[in-house]
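Going by the order they are written in, the chains are A, B, C, D, E and F; count residues from 1 in each one.
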Amino acid sequence: MKNLQKIEVITEKRSIDIVIEMIEKHGVTGYTLIPNVTGKGKRGIKHGDDLNDVFINSMLITVCEETVAEEIVKEIKVFLQDVSGVCFVTDVKYVLH
Amino acid sequence: MNPSDLFLNFLNTPVLFFFMGMIAIAIRSNLEIPQPLPKFFSLYLLFSIGIKGGMELSKSGFGEGVSGILILAVAMSSVIPFYTFFILRKKYSISDAAALAATYGSVSAVTFITAIAFLQSNHIPFGGHMVAAMALMESPAIITAVVLYKLYNKDDSNKTTLFHTIKDAFTEGSIVMIIGSLVIGLIVGEKGYESVKPFAGDMFKGILCLFLLDMGIVAARRLKDLKAAGAFSILFALLVPITNAGIGILLAKIFHMGQGDALMFTVLCASASYIAVPAAMRVAIPHSNPGIYVPMSLAITFPFNVIIGIPVYNYLVQMFI
Amino acid sequence: MNPSDLFLNFLNTPVLFFFMGMIAIAIRSNLEIPQPLPKFFSLYLLFSIGIKGGMELSKSGFGEGVSGILILAVAMSSVIPFYTFFILRKKYSISDAAALAATYGSVSAVTFITAIAFLQSNHIPFGGHMVAAMALMESPAIITAVVLYKLYNKDDSNKTTLFHTIKDAFTEGSIVMIIGSLVIGLIVGEKGYESVKPFAGDMFKGILCLFLLDMGIVAARRLKDLKAAGAFSILFALLVPITNAGIGILLAKIFHMGQGDALMFTVLCASASYIAVPAAMRVAIPHSNPGIYVPMSLAITFPFNVIIGIPVYNYLVQMFI
Amino acid sequence: MNPSDLFLNFLNTPVLFFFMGMIAIAIRSNLEIPQPLPKFFSLYLLFSIGIKGGMELSKSGFGEGVSGILILAVAMSSVIPFYTFFILRKKYSISDAAALAATYGSVSAVTFITAIAFLQSNHIPFGGHMVAAMALMESPAIITAVVLYKLYNKDDSNKTTLFHTIKDAFTEGSIVMIIGSLVIGLIVGEKGYESVKPFAGDMFKGILCLFLLDMGIVAARRLKDLKAAGAFSILFALLVPITNAGIGILLAKIFHMGQGDALMFTVLCASASYIAVPAAMRVAIPHSNPGIYVPMSLAITFPFNVIIGIPVYNYLVQMFI
Amino acid sequence: MKNLQKIEVITEKRSIDIVIEMIEKHGVTGYTLIPNVTGKGKRGIKHGDDLNDVFINSMLITVCEETVAEEIVKEIKVFLQDVSGVCFVTDVKYVLH
Amino acid sequence: MKNLQKIEVITEKRSIDIVIEMIEKHGVTGYTLIPNVTGKGKRGIKHGDDLNDVFINSMLITVCEETVAEEIVKEIKVFLQDVSGVCFVTDVKYVLH
């Protein structure tokens, strides 16, 4: 079985579509989205209690092969220079689909 | 109107619920209106004032005075960011100064809606075109601020074009809701409005109470975030709305607005945005800090306008116009 | 009724909000009614028509005509899937053909509710038993379709029994809501209804506006998914409702229905399901593709019926019945 | 009032929706009112009875009788936990006995609200001060129970002080909502109430229907959790409210309450808490098991009171007072 | 300490109860459920904007011992042949409960 | 790169603020919160259908350095003796922020 990686990206809800486009461009076949998460980071607290979606995050989870993951991560790195968010990569033992 | 009436006006039902929300946070209660209901209430209120405003426009038509007021509204929203930007440059970075200029040039729909409830309680009529004026005032300030930012920040690496910003400002959900409802109100007129009135009209003030309760909670929470802000920010957040209100009353007098229209126009000038502007700034001026401009407008200017501003502006309007 | 009235009927307030939702997507606005409010609105609308229909049944009683209409309703829902299945087999797999047959045999509560608002605007009465007819028409098509599927797909490994499908169809939340409210309306009658009318009755049309706004948004989004569908699917999604509406009007004439009942019956025949059927198909025919049948019913048939169908069917009913 | 009226009272519209919720679970339907709407409805109902009660108090004033009833209410809530605690000690641990004592000494706002709807249907007036009585009865039982727990459980390592518990009880969202709305109703009086009445007043019974529908669903789900409970728990959950109702009627007679006030007082005595108490117990008596006391109050005492209790208590009040 | 595994199952909301039954049958003592997540996979996008729960997923998270996890995973594999969804397994360093 | 750990804490919604205070005390720079999750554990099912927040959990996710993680975990261990909840720790390959 190929080496699999789980990428988790947390970013502002209004920017999550950019992340989705990014991973899809690399041929990722699937992802899961937790639409509303709150949090805290360098840019202060996201209460999630606003009337628009500025103070709320979304969390994207995608599992893909290591080679693809590496390319995606490169792009997300650039993306996160401008946009609020964070990205974790973990090893996955195996995946059923 | 005498000063005791002025005092009575602080006791407006919806505003008392705003107070109650602030008190709930002060005593560390866990009271809150669970999301997404406050979001929905804000859409409902825009729907309500939009369709009613449209219906009234369908009766009164677009007279000469109407287009005058609309042009004035756009002008005010475009001009306010200029003078505020240069004051703000003294204390803030270019990005934050531009974002704050947009904030105070644009308007707060909730303040506007609270003023409608206030006029209703006092049985003072106003024109349906004021709803259009509000919708028109949200974006020009954003555009001016972005232009100023791009002029002063030569090495801006941000690739968002001005066109993109303008498009975003006009497709923002709240703008589409109010303009859409206004147009539908215009089309269906009084007869069409009658059938939706029990929901779209009669619920207005009650839902505003629960919505302002939530706004009181949110504003009080943001007040805590504001500790670091310093005297300049707080003074700015109080003096700029007062100045703009003064200009508003002056213009209302010069352009012979009715008392209802004059108050609504003054409130629009005095109010600051905390919904449309943060949404636009994220993309257009991403280095600006919402932790600065949102608490200023939401935790200081908004409560000030809602609690003290509206009755005082009305008192002045009654005296001078 | 003359053709100009026909045109005016497109300008129904709730339908204009449906348009507005579609336009919001077209201009890429982020406007949306946040979940779970649209879900709640759909429950509210079922509650509203259920309790009102029950109350009216408690006054009118179950006459001979009533049971005739109910039997006709069940018959139509059972029969439509047969003829559509054999047309559909030409282009689709057995699973998809069966699912589509269920879709077009079953009914759309939202189309039905929009037709109620339409009749109210035109002051045309209809019987409370039509609500029962709607509730009864949701499931027979599903059962027929599953039987057809099991007949034609001999090597079906799916262990879900027909009994299971029937049970599911009757315990679906929306069915329980409408039947439950209908029964309660029957029990409490006019006196009991009076006390809930300000909420259950008077809010109906206003809430329908916001609900259809959301449906317009959802339908427009699904329209984008439909690109791949091809001409056959689109033609099917337009011609089948028209055919079924024609049969509906014919039957209404033969069975001497009143004008209001006739329109409601026609709309039920013409409408296609996108709530009950996908829920049932997931379990009963899991290899069917909701990406095919949901966009057809939701993005083509539903807008067609709501915008063009209802006023045209009504025009025909007014002419022939 | 004769026994046949008693029977008719079971057919109250909101209570029928409660039944419908229970039936939905019994037939394994997936019907549910999606969260956070039920949460919001409970806040709405507190807002509704609070502002109306306050408005009525502003008309009637706080007479001598009023303070008598309020003192009686606090006394009942403080005393009930004593006698129940010693019965409960026979079967339960100190923590669970104390939590149950708090549960049955405190009150259920939803039962109270259902009784209001019941009185409205029967055109029996009651005083606005009964809303204040309800708000006052939530906390004393909690305080008594915590005191008992601390007395009997010498080696309690929990560092939550009694003061903390009292503070918590008074800042709980539901308490702040009802007291806040009551005070605002008092301030704005009849004139202020008029403008919010279409929402705050007229929607009351309709929203109560949907809320009780959800409560029926929740209560029926909890009933399943109750299998392990045993006969003692079930008997306790039925006999204690009956006993407390008896004491309530007796006191109402002695203190010359009007019929409406007498029923409300009886219902308060008979009802058991499942919102305020679990919230308080988590912190004050963390070793108590909500899996015991919540199902008892929510799945037995609450349905008993709502379905059988209220009409029977009212029958007795009509006979004796 | 025993070897612990984190199993994450994402499947259509209406089927998540079957997964819960499955893991409980194997004596798993606890799980956490994120009731509403959206996503994309072989069966297209789950927008989560429907009026019923057909186009929305739920995500189940459970941590258990490796031996139990293996058995559960076997069953989920069969389950996912018919039903929309995906399942990831990762190593967990340790757990406090 | 330093050794990074992902800590996931699931506890009753009303107690999650205590966990947040705990991790912030140790200088953690960020976290993400999923406000409403349901679940089952030693203390029965959390349906999430109550009128107060007693029967609902929240899930906190934070990524930090191993040394800090160890200290946090010690405190959470004590916290979980009294309060309903569970905590998982996993290795993270890398993090972008």
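The rule is simple: a residue touches a chain if its C-beta (ideal position, glycine included) is under 8 Å from a C-beta of that chain, and two chains touch if they have at least 3 such contacts.
Note that the structure is predicted; figures quoted are calculated from it, not measured.
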item: For chain A and chain C, chains touching each; value: B, E
item: From chain C, the most remote chain by mean C-alpha position; value: F
item: Comparison of E-F and C-E by number of C-beta pairs in contact, larger one; value: E-F
item: Furthest chain, CA centroid comparison against chain E; value: B
item: Gap in Å, rounded to a whole number, between the CA centres of chain F and chain C; value: 46
item: Centre-of-Cα separation between chain E and chain D, whole angstrom; value: 39
item: Multi-partner residues of chain F (each touching 2 or more other chains); value: 14, 34, 48, 53, 90-91
item: Multi-partner residues of chain D (at least 2 other chains); value: 32, 35, 37, 39, 173-174, 198, 203
item: Contact pairs between chains, per stated definition; value: A-B, A-E, A-F, B-C, B-D, C-D, C-E, D-F, E-F
item: Chain A-touching residues of chain E, taken from the complex the two chains share; value: 5, 10, 34, 36-42, 48, 57, 59, 73, 76-77, 80, 85-91
item: Partner chain D, residues of chain C touching it in the complex; value: 35-36, 39-40, 43-44, 47, 170-174, 176-177, 180-181, 184, 187-188, 192-193, 195-200, 203
item: In the complex with chain E, residue positions of chain C that touch it; value: 32, 35, 38-39, 42, 174, 217-218, 221, 225, 274-276, 278-279, 282, 286, 290-291, 294
item: Chain E - residues contacting chain C, complex; value: 12, 14, 43-45, 47-55, 82-83
item: Partner chain A, residues of chain F touching it in the complex; value: 6, 20, 29-35, 63, 90-97
